[in-house]
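Look for subunit A in each of the two complexes below; its partner is subunit B in the first and subunit C in the second.
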Partner chain A sequence: MDAPTSKPEQNAADAFLQGGASLRNASGPYFGSYGGRWMPESLIAALDEVQDTFEKAKADPEFIAQLNDLNKNYSGRPSLLTEAKRFSQHAGGARIFLKREDLNHTGSHKINNVLGQALLAKRMGKTRVIAETGAGQHGVASATAAALLGLECVVYMGAEDCRRQALNVARMQLLGATVVPVTNGSQTLKDAINDALRDWVTNVENTHYLLGTAAGAHPFPAMVRFFHEVIGEEARAQILEQTGKLPDAVCACIGGGSNAIGLFHAFLDDSSVKIYGFEAGGDGVETGRHAAAITLGRPGVLHGARSYLMQDEDGQTVESHSISAGLDYPSVGPEHSYLADIGRVSCTPTSPISAASATNPSRTPKRWTRSGSCAALKASCPPSSLPTPWPAPSRWASALPKARQTPRRSRSS
Partner chain B sequence: MGQRLTEGKADPSEVSIIVNLSGRGDKDVETAAAWFDMLDEDGNVKGTTLSTRAPKGPAERSAAEEQRSTEEQN
Partner chain C sequence: MSENTASKAAAAIDRAKAEGRAALIGYLPAGYPDVQASIDAGIALARNGADLIEIGIPYSDPVMDGPVIQAATTEAIANGFRVASVFDVVAGITAVTDAAVLVMTYWNPVMRMGVDEFSRRLAEAGGAGLITPDLIPDEAAEWIEASDKYGLDRVFLVAPSSTPERLEMTVKASRGFVYAVSIMGITGTRQAVSGSAEKLVADTHAAGAERVCVGLGVSTPEHVREIAAYADGVIVGSALVAAVRDGGVDAVGKLTKDLSAGLRREPAQA
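This part shows the complex of A and B:
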């Protein structure tokens, strides 16, 4: 694993926290200059309905009790915090604790979010949920939650991902879901989201789009984070119980960023805790075949949100690449972009191969060896190095009539 | 990252790091097995008939059985 890099504005978050402000519970729609709701007009009413239902639900003790009950008695929470004692020798002697989201029902953290959103779908009176999936984990979790609550479920999955993850396709079908292979574009997660959005536009009256990551249009980033916050809350309490103090650092991989924001959130205001996000370095950032959106992307709009985005000189989204289907996404949740910009989270691209080879030194890894600041990386790796001709929100917002200050049109979705 | 955070520490075990293990990783078994050179060209674990790939469905199975039967007859 390569040395963590830092954004140049490292002190901004410290100054923010020292001033007594909190980075937790940001409600959106904007996180700094990121986020928003860049969606077709036909979906605005649906997004308003989701937001309204979510706001009411999270203030409703009955809903929270129902969610907590499912987390405990269906998902199997709290998940364990396991010390990996023998791994310490690979980490300079530091004590490594694993937050075991792999032990949840369906095998990943994804179940936290889908149970919450499926309950919201029921509250909205929806009879059908749709979802996108990359590796199949969110699709499997969605199919499971739909089966649990008696909802019809359709999962959009890139045809390439269907091939890579055939067993998960079978698993979703066994759970009663319909899996639609997406043959557009790179046939991966980005294209699956595009097709799911098309379905939602067409069937918005009876359908809820169960988005699986902390990206997309408002309220999805804040809502998905809310349902995953349990990860960090548990981990914070468990590490205090096991070691008597807060950790020196927390870290997670970042694709869209749902598992990462779930862990990070509980520690955002603990200035002594360093936070690291690891993006997919793919074949190496110099090759252009990677998914390091924060490190090498520049701000743009994808799937309804402004965030760091891998794009070419003309602003066209470029294909991401990772051997991990779940990290193969060219953008990232907007809150991650903001936290990286203010220096609260340090992001580093790393190759899954280099991570795997750490436990098997006999293999020579094809690894990414460049180190330095994100700014230096951006400056040295075209095509994502171009300056962003994007006016600051304060400037463009003040130039618009009040009624038009909420951007609603997506360029890319 | 651990090595960086423990640099200059008299007792590195005082440093603790939480890593989020977001999923079970069974989806990545074939990828990892291929990287560690554990698979033959048919996708089976070397020296065995254990495959990391998806089991064949009924249609594929019957086609394979038909082909085997034809070969036996010939």
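This part shows the complex of A and C:
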């Protein structure tokens, strides 16, 4: 894999760190010029209630103990940090470690945030939770937490995603949740969020919106990050234990960016640790059919936050494209936009198609963009030249589903 | 409320008040089914009793809108609607009617064009100002500056869930009128008007608003009559959009005439 080129603002980030200021624990509502509350007034009281409940819970030892207990005895934390020795060997010798969030109960990192928010919902006296889901991981986690805590659960899921993630739809239903297929717009994650917001504004009296990514209006970005910080805290302790030192780099895939911010957070102030985020390159960034919001979008507001956004020259959201349902989102959490701007995180789009092509310099393993539950840590960055193409193009090319053929306007993003 | 003697929306509401009635505000999406048709429908609104006209900008992610308006705006975008056309629609209506024409828009299209440029072009087209469903005063510094510069009305929303502090803050930031959403929910026709609307209007008046208009779920002359008894204006959206869909300009004119019959307060005051 080529080392992603750093943005010119890298120096600014270095200076920031050398100045002794911390990038950790940013509380919102703003991350630089990003974040905020670009929301209907109807929902402001609910956001205030969530924020107030969250702030009090965070400072309440009883809540933290309850959360830690669930993380340990329900989710199965800490998740393993596994050295991928054969991959390391293949990649040229750098030691590569995988933070195994896939080993959590329900099969992804999503459970971390869901348990935290479901506990908050109970504290607020809500009897119903709603959620959006792309790949279905967040929906499955939400349905699970709702079943655990005795909450009614409704999950909004794009009809396109219901089709390509049918197994997760069945899991949610088995857990007692109602899955609502969303047929508006691109029928993917952003449209599921639109319908979840419409539900929330209508039923806010008894309903908590269990937003699944570190995006949306304040306090969601900071709150969702808080519940995922355990990923990075564990990973940092585990890598120190296994190697005796900090990693050269950490990296994660970024859709909305909840797994990534959870991992990155522990390392933000470790200036020796490079941080890389990989956005979904879709059919290739040159095609316009991708989900690389930070790399190719421009700041705008969607779903309550100002952040990098894939939009056309009229400010209409451009439909994103990724064969990973979990990365198919046209914006990104506001803290990621900020960290990218100041150069602390280097963001690169990665394309499964082009990664399989010998003519394309990008050799990011497509598995990172394909998996909805992306392994969240590679503790050492692979070198810039690979001894062999990986994975074998022919094998992957045949496994790739055909790109969606939805008619759409082709304006510049 | 911010002082501005030139508020077009306030003037239109005050003209209705002088006639002893509430104002009728009709919503139509720009470019639905095409730009010229939306101009014609807006003119029909004004000529059949609407005092103010709210022109919506079709947007890809309308989280406050129900199925009728979503379907219309999605079709407008599919038919090639461009945001700059909204100025043609506003100019087309203000050129031949006295109605105050406001633009209702989600915020990202304004931000994308540039708040100052959007405001300048809206003022040039004869527009009265903006209704901003997903922009709260807390985030509106740039818009407040631009609207002052170009003399445009700032219609923010208040909801049954708004706290007294937020009501007061929103009233202070608004100009023209304050938009009270009748119910916790999204646009669309409903059987009955929520009981929370009357209390919200009273609270908003008490917070200092001179003019409070009620929208969301208002679709029949009976709804209009009920709300006109306590609010300064009544806002109808989805029912008019359905009229465009089902019967075109003629149906809009007829429905507007029916709705306006509900405006006069009993007993009439001079």
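Keep in mind that, in the parts below, the second predicted complex is superposed on the first by the 347 of 413 C-alpha atoms of A that agree within 3 Å, B and C clash if a C-alpha of one lies under 4 Å from a C-alpha of the other, contacts with A are read in each partner's own complex, and residues count from 1 in each chain.
In this section, a contact is a pair of C-beta atoms (placed from the backbone, for glycine too) under 8 Å apart; a residue touches a chain by one contact, two chains touch by 3 or more.
Every value quoted in this text rests on a predicted model; they were computed, and no experiment measured them.
In the superposition on chain A, contact is made by A:A45 with subunit C only, not with subunit B. In the superposition on chain A, A:D102 makes contact with subunit B only, not with subunit C. Legend: residue contacts after superposition of the two complexes on their common chain; A:S272 is shown touching neither subunit B nor subunit C. Residue contacts after overlaying the shared chain place A:D314 against subunit C, while subunit B stays out of touching range. When the two complexes are superposed, the chain touching more residues of subunit A, out of subunit B and subunit C, is B. Touching subunit A in their complex are the following residues of subunit B: 1-7, 12-13, 15-28, 31-32, 35-36, 53-54.
Residue ranges of subunit A in contact with subunit B, taken from their complex: 1, 3-4, 81, 88, 90-102, 107-110, 135-137, 165-168, 170, 231, 235, 239, 243, 245, 247-253, 259-260, 262-263, 274, 276, 323-326, 352-353, 356, 360, 363. Touching subunit C in their complex are the following residues of subunit A: 36-46, 48, 184-185, 190-191, 194, 197-198, 201-205, 300-303, 309, 311, 313-317, 409. The touching residues of subunit C, when paired with subunit A in their complex, are 59-64, 66, 70, 74, 77, 82-84, 107-113, 133-136, 138-139, 156-163, 166, 170, 181, 184-186.
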